[in-house]
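The letters A, B, C, D, E and F name the chains in turn, as written, and every chain counts its residues from 1.
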Amino acid sequence: MKFDEAYSGNVFIAAHPHYEDAEVVIYGMPMDFTVSYRPGSRFGPKKIREVSIGLEEYSPYLNRELKEVKYFDAGDIPLPFGNPERSVEMIGDYVRKILNDGKFPLGLGGEHLVAWPIIQEVYKKYPDLVVIHMDAHTDLRTDYEGEPYSHATPIRKVVELMGGKNVYQFGIRSGLKEEFEFAKEYMNFYPFEVLEPLKKVLPTIKNRPAYITIDIDVLDPAFAPGTGTLESGGISSKEMLAVIHEIANSGIKVVGADIVEVAPVYDPADQTAILASKMVREILLGWTQNQ
Amino acid sequence: MKFDEAYSGNVFIAAHPHYEDAEVVIYGMPMDFTVSYRPGSRFGPKKIREVSIGLEEYSPYLNRELKEVKYFDAGDIPLPFGNPERSVEMIGDYVRKILNDGKFPLGLGGEHLVAWPIIQEVYKKYPDLVVIHMDAHTDLRTDYEGEPYSHATPIRKVVELMGGKNVYQFGIRSGLKEEFEFAKEYMNFYPFEVLEPLKKVLPTIKNRPAYITIDIDVLDPAFAPGTGTLESGGISSKEMLAVIHEIANSGIKVVGADIVEVAPVYDPADQTAILASKMVREILLGWTQNQ
Amino acid sequence: MKFDEAYSGNVFIAAHPHYEDAEVVIYGMPMDFTVSYRPGSRFGPKKIREVSIGLEEYSPYLNRELKEVKYFDAGDIPLPFGNPERSVEMIGDYVRKILNDGKFPLGLGGEHLVAWPIIQEVYKKYPDLVVIHMDAHTDLRTDYEGEPYSHATPIRKVVELMGGKNVYQFGIRSGLKEEFEFAKEYMNFYPFEVLEPLKKVLPTIKNRPAYITIDIDVLDPAFAPGTGTLESGGISSKEMLAVIHEIANSGIKVVGADIVEVAPVYDPADQTAILASKMVREILLGWTQNQ
Amino acid sequence: MKFDEAYSGNVFIAAHPHYEDAEVVIYGMPMDFTVSYRPGSRFGPKKIREVSIGLEEYSPYLNRELKEVKYFDAGDIPLPFGNPERSVEMIGDYVRKILNDGKFPLGLGGEHLVAWPIIQEVYKKYPDLVVIHMDAHTDLRTDYEGEPYSHATPIRKVVELMGGKNVYQFGIRSGLKEEFEFAKEYMNFYPFEVLEPLKKVLPTIKNRPAYITIDIDVLDPAFAPGTGTLESGGISSKEMLAVIHEIANSGIKVVGADIVEVAPVYDPADQTAILASKMVREILLGWTQNQ
Amino acid sequence: MKFDEAYSGNVFIAAHPHYEDAEVVIYGMPMDFTVSYRPGSRFGPKKIREVSIGLEEYSPYLNRELKEVKYFDAGDIPLPFGNPERSVEMIGDYVRKILNDGKFPLGLGGEHLVAWPIIQEVYKKYPDLVVIHMDAHTDLRTDYEGEPYSHATPIRKVVELMGGKNVYQFGIRSGLKEEFEFAKEYMNFYPFEVLEPLKKVLPTIKNRPAYITIDIDVLDPAFAPGTGTLESGGISSKEMLAVIHEIANSGIKVVGADIVEVAPVYDPADQTAILASKMVREILLGWTQNQ
Amino acid sequence: MKFDEAYSGNVFIAAHPHYEDAEVVIYGMPMDFTVSYRPGSRFGPKKIREVSIGLEEYSPYLNRELKEVKYFDAGDIPLPFGNPERSVEMIGDYVRKILNDGKFPLGLGGEHLVAWPIIQEVYKKYPDLVVIHMDAHTDLRTDYEGEPYSHATPIRKVVELMGGKNVYQFGIRSGLKEEFEFAKEYMNFYPFEVLEPLKKVLPTIKNRPAYITIDIDVLDPAFAPGTGTLESGGISSKEMLAVIHEIANSGIKVVGADIVEVAPVYDPADQTAILASKMVREILLGWTQNQ
């Protein structure tokens, strides 16, 4: 890991050129090796950066500008193709360093399995951590056809690590019956919807550090076709933005976040990557200041 | 017709392998010969089956699993290309056999003309039948540029057969002035919207058998771009799912259904076929049990 | 300019064949030379006409038919590629002639810069003019990287010409901080939403002539992916239609209108062009009669 | 049929505005009802016209300009959707009129079945007719799954009409064994290749009138992906142009021609339609002058 | 492994329904976990089967019909996503059984790493084996960024197993300098071209069993855009077919074959899958009879 | 101009990090303002860099590696959108500096007009300059519909500047009759073909400095669909590579080069950009060493 070196590819618009004095680190995790359906999210981080050139640096929603936040774009972690076990280790090492340096990790996936090593590290630093998970899928399997490292398992691992009562799921609308029953019994589970239940939850977790992981497929395929596993019946982009702003204005202390599963090859007009890049801007301006 | 033979192509996920003891029969009607605009719905049934592999077998909306229903996927009827008259006959014969065997016909189109022979057969069996038609278009023409067999005429034929007061139209937002006037005068006509008027209608038809025909273009092009004739201003996929669940929970007796006009070639991210395959799952779990 | 000659390409469906006795003139402005991001809107007018063949001639929303309005489709103005200055002049000359002949100009873009020469001419004729601007972007820059002729500047020029208090902006959700501050201070500014604020504004401008310019990107990318600069968080096609009908029923006197920034190459299922062609129909039937 | 009326849609570039004094008539046949695989060629003629705007009017191959030929573009015949029998009749009537008026018919398909009524009419006028057929497929079936009107049968019908020894096939690389045996025995059959065998054939038919029908799939899918039934192993666009020029320079008397099976929806970069429009130009300049 | 069970998905056209008496077994290897660039070849086998419906069952090149060969389509091996090590084992087990049963294994990839376990098994059975490798890339790395299981390594492993002088490479045009030097020194290496050098090689290996592995990217991107790693300057589809026929007519004894790296998501007109399905037909008719 | 600053976007693979000691400078010209047909080449340079990541650093054709050449990637010149006049000036200034610093300019377009300011500067430095122009189009117009700055005019300007006998055109197959006559009379004109005539020309210009400008549309659309103006009948990618190698091995002294008109939006599988990036590699290794 060489955070002090300039990344040679595209960076997110208006990124700060140095790691040392940055408050936030954007990093990509080009991993899609364990997905069971359509691969391609390895190119998500690159595309989100590429289309960020079309973003204005001002958020009219938050009345803030990107120059008010120092964020460094570290580029993509060079994960070994086809080796999820080693990839998970590398992501953990990477995030540990960011956290140790007192910076806010803002990760871009890649498949959702990447959230597992991240949350392990964040939890080590913040033992009273709350995890907020927005997704179409439960991701609560113990394994996927025998494989423990799978895009279908990360949240189950998180629950086993830190207890289901510290994990809040929103927008879920697909999974096994067992997963739904598990979620209802052991977790804070708000299927189908996001904004309305979130408004009720936020005041109850005000004093705790929160890590937020967003699978882009929590949105309806109309708003985010560029992902591996489309699930009809999701939320709109307007609601997604309102969710980010609700959290920003709630006063909870967000200590890290990720957006995963953007897969550009299924996104002919780039609308999914463009939405994700706008979400990154709003997160930079709305969540990273609370630390 | 050889229902006892295994279909050699893809089948809908988790389909029952035998016709004999199935309660429901899924069948495709690969016909798009009479469409006036963009053809391609002949590949709709194949694509809906293909993407069904990405579906979970559990519906969290209905809290049921596909294994609770025995449905056989009979594949596509081998309709003769370019011969709508003979195709209509073959579909009628096909559905008659399904109905005679006491099974629920769940058809996949193909253009909307396929609904005409189906409803003829269902009406023969259930003389007190109600037809629920969700669509962007009235489909109420007497002919289309001189051709009586056309994707623009099936519901007119249905009205002539069984009386307009037994036909309920929802979501309509395109047609000739004459068609709208006809619908308002002779039918139960609820243009533009689906869920709200349906909630009012359902209690009034509780004791009658209902056939439900859904043109995928009742959805807005944002949610269902993969169809021949896009008509802006439609409903969302969330509303479509709510409609299916409203019917499922209404207590009406659904005796058959179809989903038509899915045209994969205009659906670059497969989102329309994926939505349709989810609708098939919800229909299997929500409607076919009431018989 | 030869309005008396038949245009040799496609025309909007059911267009009147002669200029002389037409009440409305549809004209295309195939210009995308100054866009800073994705070009391609030069093909917007052609595509809107092409897909108009799929439109019904009847509007069930307004209960009117296209035959009730005489509109001539003048084709595209032959703008010189790469010369925005001369193009702006040509558009101004063109619209002046339409206005002098007492006809309603209904323009199809092309990039938004085309609105500048149009509004200049309309304002000359109607000194008490009100401009209604629906867009994702403020378009309020004084220049764009030094260039005064830019797709980012037209509304600023309009404000300088006729005063910001005569300009109403709706749906804006992207721009510089300075632009938002300018809009809030000097204009009638309704960011993020369209229909609700419009309902409040319309009664207050009832007695004044209004020119309405609609950038298709006021819609969310889910509903209008085919445009140069996607901005997530926009309105739906249903809301857009409701907006047109609200204006139609408000009694204000619309004296000209345009729809700009449709870029077919980013629109794989033609959904954006199809929406725009439906908007043209509703505008023809709803706005052009009030003169 | 109203040849004296201006067609309201796009016309082929530089077309002559009147039927009466035209030497050549371009006409479209938007028919794809009987195809067994991917439909969509109904939009072929429209697209070929649309992209013709990108053509130069000069052929450097033939050193001639389009202004040297008077060709009228009659638009598309309004064929009834889904009725191949009536469509075949209408095409026959149409071509008969063109021939009676002493003009060269240059048809654009649509599926290959359209060649059948055309050749019937041409044969009536020229009893010593030779047919040159370039295609990937034999099109020699007697019927297709029971349907006599099929895109797989036209050349068989032609052979039955005028004798196989008057029909020359080139480039064929797909069909039933029976079809290949039939062709070898009863026709002039040159499978796989076009230019080399054609060079040998042309001198032998110098004194006879020739009708030439070209299925765009005679080209390799690399050069013509936009067609219904791709067949790998075809000729290149360079060879196709050389073939047209070889015929032009051979001194044979071409009395009519068609290009069929261009299907724009499978042609993401428009390369197939652009090739076809160039072929039309070369045919106009190379073949229609020999009459 | 359950070869005696019917595969529930699509099968290659005209496949024999039973494993037991089949001479050839078609099997898919849906693996793309180790690719370094664009994933997606996991869907290659499914797509090749799907488009095979458009194939004629007769080869005019070989004058044979598919009914002359009994081939069973075993479907795809259910490889564990993201676990290349276990996948390689499973493929090996699978192929061993096919070979033990005296059948010809015809594999469909998937990434090229799948060739490694196959060739290991074939070599066990045929110790005097010759491997013919057609590809744009050398695939001769010892590892890829530290990973021994990689799509860039299979042929290196083969060389280490059975000696480079028993391996023949054709069409190679991309790799490390070290790989090219290795190939020139230790193997039979024919870069850039395929047909001409192959004609010279075939007579020299007449008496030996040959396994043939074809990476679809040996073709130029014009002919095979649907693959992960495009490399310009390749052969044409006509040459590819000629290569298959040259081998078929050479009298060498082919004992197994595969076609790998077809990735449908980059293949908008399906031309790559259609070419591959034609290659499968020609291989079935030309190579599997020599055993 | 700040050549000493790191470019913040993607760079061509293995580019040298500093301008000062580089022998070659790659620079992009994101300009497509004057094109008369499909715009989009402004994104060409970015895409060529992006896909260069898939290139091997070794050329087996030339047996050289990229590390043998020091090339700096200066990114794109920030051209003002919609202002071709100022853009032409900026490009001229840019190239003059590169030439003054004794480096080889390797430009990426953008539309072909960019070649005009480049060649002006190169000619100032090398008064005995020869220009080699490969293209489908003559680009010899004096103006385009009145505009002197147009993608259709650059080579005419070059001829006026330095005399037609110093300009060699290859592969041309489209233009006005006047342009072809002009080229034949005043220039060295080799229409339709490239490699064969080039072989004859190269020995005759051995002792003179040469600037080489390649419009990607000299290739057939099958090999390069991703460009604005497709012209069927072009050369293959194999021939294009052979052309580069022929020049490399000819001993002529190349003093600058460009590749223009790559337009990614028409290139669904990225094949055109991938070909262009391979051409860049071969040019770097084959042409820049002769200075």
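Things worth noting here:
Just so we're on the same page, a contact is a pair of C-beta atoms (placed from the backbone, for glycine too) under 8 Å apart; a residue touches a chain by one contact, two chains touch by 3 or more.
For each chain, UniProt lists the protein as follows: A, B, C, D, E, F = Agmatinase.
Please read all numbers here as calculations on a predicted model, not as lab measurements.
Counted as hops between touching chains, the shortest connection from chain C (Agmatinase) to chain F (Agmatinase) is 1.
Overlaying chain A (Agmatinase) on chain D (Agmatinase) by C-alpha atoms takes a rotation of 180 degrees, rounded in steps of 5. In this assembly, the chain whose C-alpha centre lies farthest from chain D (Agmatinase) is A.
The mean-CA centres of chain D (Agmatinase) and chain F (Agmatinase) are about 38 angstrom from one another, to the nearest whole unit. Here the spacing of chain A (Agmatinase) and chain F (Agmatinase), counted between their Cα centres, is 42 Å.
Residue positions of chain D (Agmatinase) touching 2 or more other chains: 220, 222, 266, 268. Residues of chain F (Agmatinase) touching chain E (Agmatinase) in their complex: 53-54, 56-58, 60-61, 63, 65, 220, 222-223, 236-238, 240-241, 268-271, 274-275, 278. Across the complex, chain B (Agmatinase) meets chain D (Agmatinase) through its residues 32-36, 38-40, 42-43, 78, 80-84, 144-147, 149-150, 265-266.
If you check the complex, the residues on chain C (Agmatinase) that touch chain A (Agmatinase) are 37, 172-177, 180, 191-192, 220-222, 225-226, 229-234, 266-268.
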